[in-house]
Every structure is written in C-alpha cells, then in structure tokens.
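Look for subunit A in each of the two complexes below; its partner is subunit B in the first and subunit C in the second.
Showing the complex of A and B:
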C-alpha cells in the first residue's frame, strides 16, 4: 500500500510539474514582450522593470524556468499588477468560497444520487426505477451554467425564495446563499451517481456473499443497506475524485451567475482587467487541487479494494 | 449492396427501434436541419436591430420576443445552432483524428513512447477544462478559432486513451499476428487492419462528446470569452439574458432550452449508438 501511495503521488507530482512547465512555456510562446503580456498595458514602468529582473528575461529560458520554480517552491506566485499584493494570498483568500461551494454540491448530490441508485437497484424494472433512469439521463445532460441561469430566473427573480447574489453573513444566511449555486452544480451529478450506484449495486447483489447473507435469513433491508451498499459505493469515490475538475469548472459559472466570490470570479475579473499573474496563479492552484484530489481518490480506492493497487 | 452500407443501415434501424434513440435522432436531425437551412428558416435577420421593438415578449411577429436591441430572439436561436455546430463538429473531428493517431502510436509503439504519450494525456486532463480554456483565452484573446482549439485540445486525451486500449487489445489478437507473420508493414497493420476496428468505438465517443463541446462553447460565450458579438450564439443569448434577467425571461429561456435540448438529443443518440455498436462499452462509463 505504501509502495502504491508513493508511486501514485510521484506520478501526481510529475503531472503537476509538466502542466506548470507547459503553462510557463505557453506564456513565453505568445509573441511579444512577456512582461507586457503578463502585466498588461496599464502596468507602471517600475513594476515592468521589477518583473523583468525577477523573471531574468535576459538569461536563457532554462535559467528562467529554474528561477520561476525557485519562487514557486517558496510559495511566491508573483504580484497583482494593480494592488501589488502577492498573488498567493489573493488566491488563498478566494479559495475557501469555491471549496465551500464544491463540498456543498458534492454532499447533496452524492447522497441523493446514492439513495436513488440504491433504491432503483433494489427494485429493478419497476416504474420508479424507470422514472429514475429517465430523469437521470435528463439531469446528466443539463450543463451547470444553464441550470444556474434558469434557477436564478425561477427561484430568485420570480419566486424570490432564495437570494440572487453574494455569499451572505452568519451561518444560516450563508447556507441560504449556497442553496441555488450548489443546486445548479450538483444537479447533473445526482443522475450520474444514481446510474453508477445502480449498476454497481446490481452487480454486487449477484455476488456470493450477498447470497450467503440471504441464506442466513437476514432481512432484505439489512442486506441492501449494510452489505451491498458499502461495496457498491466504491466507484462513486473515484468518480468524485475525478469529478472535482468538472466541479471546479462548473463553480466558475455558478460564481459568475450568482455573483459569489471565489476562484472562478477571480479569474474572470482578472481576465477582463488583463491581470495575468492572478489568472496564472489561480489556474495553477486549481490544477494542483484537481491532480491531488484525483490521486487521493485513487488511494482511497486502493485502500478499499486491494486489486486496484497493481495499476499505476 | 456493399457491406458497409448495410452495416450503417443496421445501426440506424437499431437506433430508431430504441425509443430514446429515436428521440435523439429526431432532436439532432432537427438541429442539423435548422443549422443547414438557417437563412431560410429565420423570419428576421438575426443581427438586424429594430430599436423601436426592443425587449418585447413573444408575439406572432417575434415568436420568442426581442432583445435589448430589438433583434428577434427566435432568429438568433436558429442561427445560434449554426454557430454551435460550427464549433462542435470541427473540434470533435479534430480531437478524434489526433487522439486516434496518438492513441494507436501509444498502443503499438515502444513502451517509452507509450509512457510519454500517457503522461501527455494525463497532463492535459489535469487542467480543469474551463480553467484551461480561460488561461488560453487570456493569453491569445477570444475568437471562434480559439474556442475550437481549446475544445479540441481538452478532448484529445479521451479519444487517445480509448484508441490506445483498443490497440493494445487488438495487438495480440490472432488476425494481427497472422498479418505480422506474413510480413505486413506497420502502416498496413495499423491503417488497414486495426483502424476499422477502432473507429466505430471512437465515433460513439464523439457523439457523446458533442454535448460537452456545445456546452463549453456556450459557456465561454456566456462569459464573453467565446464568439464575439454580434454573432448569434446560444451562450451570447444567455449573456444578454443574464444582464436583463429582471426585465425579460425570454432571452434566458431562448438561450437555455436549445442547449438543454441539444445535449439531451446528442446524449440519447450517443447512448443508443453505443448500445447498438458495442454493448460492452456500457460498463466502462
């Protein structure tokens, strides 16, 4: 297990390294003066001079890369073009809002999806199973930002059940502000998780240990809830790990639509003001987050199911 | 009748027999038809302004009302379908071709090349799609071509990985071994014998990928980072609708419903195709 964990994280580190290097080279590959491009037209000459020195643009590209990584390892992602504040602290300030939204979305959609999937698998080919299947497909198809806009229109603007913008103050108000964005992001996951759990549940229900449990005369309810579900849930762990990337993407839209602070809003605002250090910093942090969560999901999976350890 | 045609015929009847598949076929057919004949269907010029009639509700003249510049929303929805397909089809086709080539090389080539290509695929996949798109748009500026390129780049790994797995499975099958023992060249083995066995699976994947691509294009245009105004795109409609959401619901509805319909149609069609072409795939997703 330790061997697997080390190899899996080495791979994750390698991927982050290649991704960050690719991003670094991409900025250099765009024609024009990199300082001009990164700082935009409104940067002061002092800032331009400082960045030129910092990036060592007069040196060969490999030295520049080394310096870039030197700064990165010290947690230095550069400075905001306008305020001069370090990018790291700006990004870390916005990150919790995005994480809060993602966690809320996963929690409600995965629990509902697992419940629906387990119910459908326990009662296969009944009317409810068919309805769940059809609704799942319909939900999977709905892109998060369209759902966000439509729910904003219906529940915030017309029915006025929930607030339209911001994050709110205090626990209850914050939760109230989370409802619509988390609904929009999570909706497509309900169907996805439900189908996944249903399929893996049906497979598990056919296995020997379930037959044994039946032979012992355990109640159907107990078999489903205690013995089948805990195994059937495994694929959901992997899917959620990989899904963090999709959730991060959906969160960008939800933050724009509901005017919430967060990584996505930060990036969009920074693109419109051509504040490249922040864009790059935020993309880097979200990429790392994604890679780490995928690796963690693989680890959890390997811990729960030893057969998965052989593949890296 | 030649063999490929009868196979296509079989696949189409198979899809049409499945109720969801038939529904997908009808929706996709309608969208493609509207996109092809957009200029005949649109009752008004999709970018023609008529300020006196701005922000109207649905009427017989304006089926879905008008926007803040008095442009006919229905005409813009129809023309928007054209833009969506103009982005989705080249992007999906390009990604499929490149992914197929790289995937077959990874599956058939030496181990180090395989590792290198897999690392390349994993790296692209490690960027959250929208974040990657935003970074690229920030650097090179928004345009239709940028959207196509970004979308293409992000879906290459999906095709590449599937093509690689298929190649690896086929590589040791008896008919390939027989070919090789008869001295067939690598190009012949890959192009003549393996390709036809992989393309079907990838085509199914492509049909299921189109909704993602359409949603991504619409999403970028919604953020103002996709196709530029006044080009009518579903995402641009939503962008206008969002800023006017307290004045009129029709722009959000007009931009949102076609996206949902298109994703539904292509998903139904893709799933039904998959079940007909290769039922084994069902488990892998």
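Showing the complex of A and C:
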C-alpha cells in the first residue's frame, strides 16, 4: 500500500510538471505583445524594454521555462505586474474561497447522490426509482451557470433567504454565503452520482459472489452495506476525484455570478489583463489541486480494492 | 424413506416471462439419503441450476413454485418462512458454485469471508480464524494461516474452488450441493478436486448433491444418478445400473456422446441432433420425441411417467412398457 502510494504520487508530480509546462508554452502562443497590452499604447520604448527584460520575455522560450521552474522550486511565482505583490501570496489568499466552495459542493451533492442512488437500486423499477431517475437526469442536464442565475433570482432576490453576493465574515455568515453557490454547482452532481451509484449497485448485486454471500445466510443488511457497497462505491470515488476538476471550472461561473473572490475569478481577471504571473500561479495551483484529488481518489480505491494495488 | 435427507417431491417450477410461463421444472421427484452422493446430469438448460436454486430458495424474482415439495429432514422448504430458510443456508445445507473465479467477494480477504460465514457461531474471532485456517488446510491449501490474509485474486482457480469447498464444509452441513464445481477447471485439477471432495465426504459424512454434465465424473464419484432432460427427470437409479443398462434413449445417447466412451478415431464427434423444445410452449407427449430415433406414435400422445423398472432403476419412456422392451 505504501509502495503504491509513493508510485502514485510520483506519477502525480510528473503530471503536474507536464501540464504546467504545456500551459506555460500555450500562454506564450496567445497572439499580441503582452508588454504593449499591459503598458498601453502610449508607453515609451524604454519602459517597454524594461518590462520585457523584467519578465525575461526577450529570452528564448526554453530559458524562460527554466527561469520559471527555478523560481517555482523556491516558492516564487513572480510578482503581480500591476501591484508588484508576490503572486504566491495572492493565489494562496484566493485559494481557501474556492476550496471551501468545492468541498461544500462535493459534500452535499455526493452524500445526497449516494443516498438517492442506493435507495433507487434497493427498489428498482418502482415509482420512487422512476421519479429519482427523472429528477436525476433533469439535474444533470442543468448547466451550473443557469442554476446559479436562477437560484440567485429566486432565493436571494425574491425570497431573500440567502445573501446574493460576497463571502461574508465569521463562520456562520461564510456558511450562509456558501449555500447558493454550492447549491448551483453541486446540483448536476447529485443526479450524476445518483445514476452512477444506482447502476453500479445493481450490477454488483447481480454478481455471483453476492449469491454466495446469500447462500451462506449472511444478513441482507451486511450484504448490501459491506459486501456490495464497498465494490459499488469504487467508480463513484474515481468520478468524484476527477469531478474536482470540473467543479473548478464550474466554480468560475459561481464566483462571477455571486461575486465571490476565488481562483476562478482571479484567472478570468488576469487573462483579460494578460497578467501572466498570476495566470501561471493560479493555473499551477488548480492543476495541482486536480492532480492531487485524482491521486487521492486512486489511493482511496486502492485501500478499498486490493486488486487495484497491483497497478498504477 | 426415513433415512431420506432431501426429498424432491413432484416439484414444478415456472419462470414468468414476457413470452408466457416457462415451465423450467416439471414433476421432479428424487431423493438424497444421509451420507449419499447423488449426481444430476443433463445438458445446459435442462433445469439443473433452477433445481438447486429452488432447494436453497435463492431463485430469481420471476420464479413461481407451481406444485410439489422440497422436503429437507421432513420439513417442506418451500413453505418455510424466509428467516428460517436463512438459518439453514450455509449451516445445514451448503453449496459450492460453478465458477470459482467469481464466487468470492473480490475486495474482502479470504479470512474475512471465512470468518463472516461463521456468523451463527458464538466463538471468538480468533477461534473462527483458527477454524478457517484448519479448513483451508483440510482442502490442501499450503500455509493456511498466512494465506487467510490474502485476497481471492491472489489464488489460482483450483485453489479458489478448494476454498469454496472449505467454506461450504466449515459448518459441517448434512447436505452439500456442488453445482458443476469442476467445470471451470482443467482435467488434472478436476481429478484433484473430486478426490478431495470424496475424502471430505467420508470424513464429515455429509450427503452430496453433485451437478455435472461430465458423465465420467458422475460415474467416478456418485452412488446414484438422476438424468434430467428439458426440465424433467427421464431416468434415475444406481450409477452402475444406469451406465451399463440405460433404459432411456436420451441417457443412451448421452453416454454415446461422452468423449470417454468414444473408442474409435472419429472425424465427427457424435452429437444428439435437434434442439431442446421450447419450455414456454411444450409439445404434447414425451419431451424427447423430436430427437429420439425410436419414437413411436404413442410418444406424441402422452407423457411417459417415471416408472420403476427394478429396485434402484427408474425411467420415463414408453419403450420400457411394451411387451418386449428394447
């Protein structure tokens, strides 16, 4: 298990390296001179030359990459082009807002989805199963930004149950501000997870080893909760691990609609102003977040499923 | 009949399907005595699996028990409350399933599964583990203590089937049902498993209901044999009697088709031409008439009853009731 974990995280580090390198190269391929855009059309040639040298944009691309990684290993992601503040502190300041949004969304949507799916699988083809199916598909089909706008209109503007914008201060207020954005980006996951758990559970309950467990007189409770769920949950864990990445992009919408600070909003703002160091920093952090969450999902699976431990 | 352990009495089982009721078992009657090994033989789809799932009452939801009784120690299992039935499963009646690769839970260790099936025992966990290791040793798994912590995928197919046998015998049942336990294994492993099964049967003195389509294995292991065709018993009796003096054309053809009985080199292996009739739409008369080369007008009229030809030999064929039997 330890051996597996070490290999899995080595793989994760490699993935981060490749992804960040690709991002670094792609961002340089965007047309237009970043220095001109940043300084505006009336900047003097001297000023432009100074900024170009400061950002090392006059160097060959491979040197730029080497400089970037050299600084990165010292925890230095460069400085904000406009404010001159270190990128590391800006990104780390925004990170908690996005993290709390994603964690809240996954928590409520996965628990409701697993409960609905398991219930539907235990009562297949009943009226309740069919209602769950219809509601799930409707949830999956609803795009996060539409749900975000509608829930803002209904629950914040008309009903005034929850605050419309911002993140709030203090634990309770922050949680209160979290309800609508987490609802908006988690909703489609409820349906997705419910469908997945139902299908997975029905498949496992039809497998031969479940018949064996029944033939030995094990209680139905133990069969469902231990012998079946432990296997049925495996694909769900993987999907949730990958889902963190999708939630990162859904979070962008939620952060814009609900005017929340966060990584998504930071990236959008920085791309429009070509604030490269910030973009790179935010991308690095979200890539790492994504890769770490999929690696964690794999580790949980390896812990649940001995067969998975022998592969990476 | 007081020494009968299991009596299947006129059992008829239907499957409700969109095409109508599938008459999977019709009028099945046979018994298994204490400590006896009874073989059930028949080609795929003859109702062997329906029969064993009916005995354990682990049938699909669309199953209807139309008629008859399954008596175990004199008690009708088909009318037993589910809770009482559960008390029997894996305790007094155990089963070894066909496919050893899928019979164990893939994510729980073998030891965990072997401890879990002793859920009725009040022994300590350590004692249950010891008992599990002892049973693994009894079926010939080397170093059983250490292997308890391994998972099913770390064992070979033959070992997994022996683990399944160990699990089935852990409660010392009076009836062991073996559903084609060697079909998925290669020939040398098959012999090993059969020999081990016979040794254990003698040690624990349990009765075995052995389902197979391999006649050689049946002849080797069983005291009596029941030949099934398309959901009905066509012949039953002492193994030696059935193999040397078969009284039903189907049994004869089955023996002819067994590779062990083919003496000459043949380019085309013998088969029984034709197909099993549609069980949702049974023809009138004998179930085997379409594939039988000795069919007579009478066969199309009435279903031949299973009649006793002599002590320990029954067959369901009109040929045996003529003046001059074949």
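As a convention for this text, the second predicted complex is superposed on the first by the 244 of 312 C-alpha atoms of A that agree within 3 Å, B and C clash if a C-alpha of one lies under 4 Å from a C-alpha of the other, contacts with A are read in each partner's own complex, and residues count from 1 in each chain.
Operating definition for what follows: contacts are C-beta pairs under 8 Å (C-beta built on N, C-alpha and C of every residue); 3 or more make two chains touch, one makes a residue touch a chain.
This one's a predicted model, so the numbers in the text were calculated from it and none came from an experiment.
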| item | value |
| --- | --- |
| Which superposed partner A:145 touches (first subunit B, second subunit C, both, neither) | first |
| Which of subunit B and subunit C A:79 touches, first, second, both or neither | neither |
| Subunit B versus subunit C as contact partner of A:110, first or second or both or neither | neither |
| Touched partner set for A:253, first subunit B, second subunit C, both or neither | first |
| Residue contacts with subunit A in the superposition, subunit B compared against subunit C | B |
| Touching partner for A:26 - first (subunit B), second (subunit C), both, neither | first |
| First, second, both or neither for A:279, with subunit B first and subunit C second | first |
| Partner chain in contact with A:291 - subunit B first, subunit C second, else both or neither | first |
| Touched partner set for A:205, first subunit B, second subunit C, both or neither | neither |
| Subunit C-contacting residues of subunit A that also contact subunit B | none |
| Residues on subunit A engaged by subunit B in the complex (per definition of touch) | 11, 14-16, 18-19, 22-23, 26-27, 30, 37, 137-138, 140-143, 145-146, 149-150, 152-153, 157-158, 199, 244-246, 248-250, 252-253, 256-257, 264, 267-268, 270-272, 274, 276, 279-280, 282-283, 286-287, 290-291, 294 |
| Subunit A contact footprint on subunit B (complex, rising order) | 20, 119, 122-123, 125-132, 134-140, 211, 215, 218-219, 222-225, 238, 241-242, 245-246, 249, 252-253, 256, 259-260, 263-264, 267-268, 271, 283 |
| Subunit A to subunit C touching residues, read off their complex | 207-209, 211-219, 222, 226-227, 230-231, 304-307 |
| Subunit A contact footprint on subunit C (complex, rising order) | 56, 58, 86-91, 94-95, 97, 99, 102-109, 116-117, 119-120, 151, 153, 164, 167 |
